[in-house]
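Both complexes shown next keep chain A, but they swap its partner, so chain B is in the first and chain C is in the second.
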Partner chain A sequence: MIEILSASALATVQDLGRVGALQWGVGTSGAMDPLALAAGNLLLGNDANAAAIEVPVFPFQVRFGADLAIALTGADCAARLDDVPLLPWWVVEARVGQVLSLGVPRAAGHWRASRAYLCVAGGVDVPAVLGSRSTQLRGAFGGHEGRALRQGDVLCAAAPGIGRCGSGFGLLPPALAMPLQLDGVPAMRVLPAAEYGHYTEASRAAFWAGEWKITAQSDRYGYRLAGAALEAANPVEMRSHGIVPGVIQVPPGGQPIVQMRDAQPSGGYPKLGTVIEADLWRLGQAPIGSRVRFIEATWDDALDAREQMHAWLADARRLVELHRRQRARSAS
Partner chain B sequence: MNALPSAAAQPSISLLGTSALLFEAPGHDMALGTQQRIWALAREAGRWPEVREAVPGMNNLMLSFAQPPRVLEDIETRLRAAWAAAQPLPLEGRVVELPVVYGGDAGPHLADVVAHTGLSVDEIVERHSTPLYPVYALGSHPGYCYLGGMDPRLATPRRKVPVLSIPGGAVSIGGAQTGVSASTGPSGWNTIGSTSMHFFDPAQDPPALLQPGDTLRFRVEKVIR
Partner chain C sequence: MNPDRIETISAWLAATDIGLLELRGPGTRLRLRNDGGGLPLRGEPIADASPAAAPGGSVTANAASVGVFLHRHPLRETALAPIGTRVVAGQPLGLLQVGALLLPLCAPRAGTVTGLRVAHGTAVGYGTPLVELAPL
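Take a look at the complex of A and B:
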């Protein structure tokens, strides 16, 4: 049992997302940093898609109502279990009655993340709705009662108890293993989309060359960016069409909006490009007020990056299994 | 660079990152016949192994990838061939009537539609509540329907800056389209009125009240000037 002690809302239960429900207008939802969620689950021996708690606002505290193995991934939040400092991206065993406190995320070099993932043994035990445990905020279903968590909420882990998956080990975060930045600013690769050519040459150049500030009007639905206004040579009214998280829409005002995990599955604003699937976690971690850059990618670049991401996860899985086997040997 | 004379009549295929590709039928009229061919194309492409879901939009189709192919040429060729062969698939669904209150607090952008179209409030209400609107596609948010059949005189551009939250039941116009919000959320469309109807229940199978081929009619309950 995990009791939410913090009044600061906006924490939600997420897995890797809901696929196959677009035909009913249901978007994917899911972790803003799917790599952190999957890695945290692998550390615990869970299915990579098990549900965890995504925490975007700090400080955040929970109390454990039973012994439980947990893994903390995503932002390095100077976490403490009672008074004991915890390492980020690490497995620990929490004891009944202990309080876990997450503080304001710390920077590591040029990288500062904004969301932490509290993964628990077996995953957070909420019912799957339309094939996923992710919270569908717009539709008010999935996750915990279809809403963000509140103070006093109690969640259960699917595999409570300790000693099963081991503890005291961790992973090197992907932001350190696979850094990507331009001139010291976190960067994401972008594949041009259908209306890219509609923008003036100067606007296209400014898009790649400029720094984009993530404004306060940014959330799980989308990141509204501020920078040089992007001008279309010939403004068009589009027919509504399917879109995916990562799509960069440009409303007539000229300030782009990147669709994020709670984004609508369809839209009608012109699309400049799409942040590639393999880099969406980087943007999902970028804090409000921070600046990001975009790098033009080709289809092959985007597929290579996707393979690199899957290879990183496969490596993480191998390392965790190796550690567990060694531990089992030394125990016998 | 000169485009070939036939280029305007060709469908376009573009990428949505490595997650999906977008097929757009030629033209801009959002004709029902074209949409019926999109439904046929969706049924066909939905069976291809690299496709997770074939999702109709307004005279277009998004294919989300189960696994993005290394070479795109093959699926693009198949898609163009399937489109050329696609016959209109007539879907005959049910007719649902929605009572609408136009204007007032529930229709904050009605004045913008008046300003853009040059029509009076009464003319807008009349033209909006007359047609039968076929459901072309679902999208936007759970249970939301994209409708065909709006009087082109009502077309009003989407808002320069999207509104952060409009309530469920909001009846709105975006470009040459109209629709009804199924739940509270952000929108770039112009809200002209409101209705009350439950469009989505995740416990039902299917979870959405309406599907492509069904038809909506707006009945004037009240006009607030």
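Take a look at the complex of A and C:
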């Protein structure tokens, strides 16, 4: 049992997303940093898709109502279990009555992250709806009662108790293992999208060359960016059509919006590009007020990047399982 | 273990630039040192990753695995246990990075951290002394 002690109302239960539901007009949801969620789960020996708590506002506190193995990934929040400092990207065993506190995320060199993931042994035990345990905020279903967590909420882990999965080790964060920056600014690879050719040459060049600020009007639904205004050579009028997380739309003002995990499944603004699936976690971690750059990519680049991400996860899982087996052997 | 196997493994080892090979299985431990001298095997006391006594009554925390020694977490600017820190038994003094995996280097006993035997970021072998501790 995990009791939410914080009053901040934006933490949600998320897994890797409600994939395959767009056909019913249901958005994807899921972790803004799916790599951190999957890594936390594999530290615990969970399925990569097990549900965890995504924390975007700090400080955040929970109290454990039973012994439980947990893993913390994502932003480094100077976490403490009662008074004991915890390392980031680490698996630990919490005891009944202990309080976990997450502070304001710290920057590590060029890498600034904004969301922490609290993964629990077996995953957060909430019912799957349309194949996912993610919170679908717009539709008010999935996750914990279809809403963000509130003070006093109590969640259960599917595999409480300790001593099963081993603890006291961690992973090198993928932001360090697979860094991507341009002139010291975090970068994401982007595929030009259907209306890319409608924009003036100067605007297209400015899109790739400029820094884009993540404005305060950014959340799980979408990131509104500020930078050089993007101009279409001719006005583009479109009917609403299907869109996915990562799509970069340009409303009439010329300031782009990147659709994120809670994006609605359709929209009518012209699409300049799409942040590739393998880099959405980088954008999902970029804090409000920070700046990002975009790198033009090809379809093959995007597939290679996805392959690299899966290879990192597979390698991490192999090493964690090897370590766990070795420890079990030396303990017996 | 079948002695023929040991000879085979030794022959393989002699053809590499690996200095030390250790194999562990249920109830057995085989340690082969490749010093260019070829066969036969040399019997010697097994030094393992348990704390080693160092001059002056201090002890060292040793690498329990091959890896890269990290005195600080890669996301952090300060060391896990800077020199002069008083630590309790089991407290992490540093980390060993094995690919994506980070393993703690735990204090074998309570004490004060008095020095590093290798620098942050050094690749180390199994059993390498890494951090010196003066008992309290």
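Just so it is clear, the second predicted complex is superposed on the first by the 332 of 332 C-alpha atoms of A that agree within 3 Å, B and C clash if a C-alpha of one lies under 4 Å from a C-alpha of the other, contacts with A are read in each partner's own complex, and residues count from 1 in each chain.
By our rule, a contact is a pair of C-beta atoms (placed from the backbone, for glycine too) under 8 Å apart; a residue touches a chain by one contact, two chains touch by 3 or more.
Because the structure is a prediction, the values reported are computed rather than measured.
In the superposed model, A:87 makes contact with chain C only, not with chain B. When the two structures are aligned on the shared chain, A:277 is found in touch with chain B, with no touch to chain C. Shared-chain residue A:176: touches chain C; no touch with chain B. When both complexes are overlaid on chain A, the residue A:226 reaches neither chain B nor chain C. Contacts of A:319 after superposition on the shared chain: chain C is touched, whereas chain B is not. Once the two complexes are overlaid on the shared chain, A:48 sits clear of chain B and of chain C alike. Comparing chain B with chain C, more residues of chain A are touched by B.
When the two structures are aligned on the shared chain, A:242 is found in touch with chain B, with no touch to chain C. Of all residues in chain A, those touching chain C in their complex are 76, 87-90, 106, 108, 111, 168-173, 176-177, 312, 315-316, 319-320, 323.
Residues 73-76, 80, 92, 97-104 of chain C are the ones touching chain A in the complex.
Listing the residues of chain A that touch chain B in their complex gives 19-27, 129-130, 136, 138-142, 191-194, 217, 221, 237-247, 251-253, 257, 264-269, 271, 274-278, 299, 302-303, 306.
Chain B meets chain A in the complex at residues 12, 14-20, 22, 24, 28, 30, 52-53, 55, 57-62, 64, 68, 70, 72, 137-146, 155, 157-162, 164, 174-177, 182-186, 188, 200, 202, 206-208.
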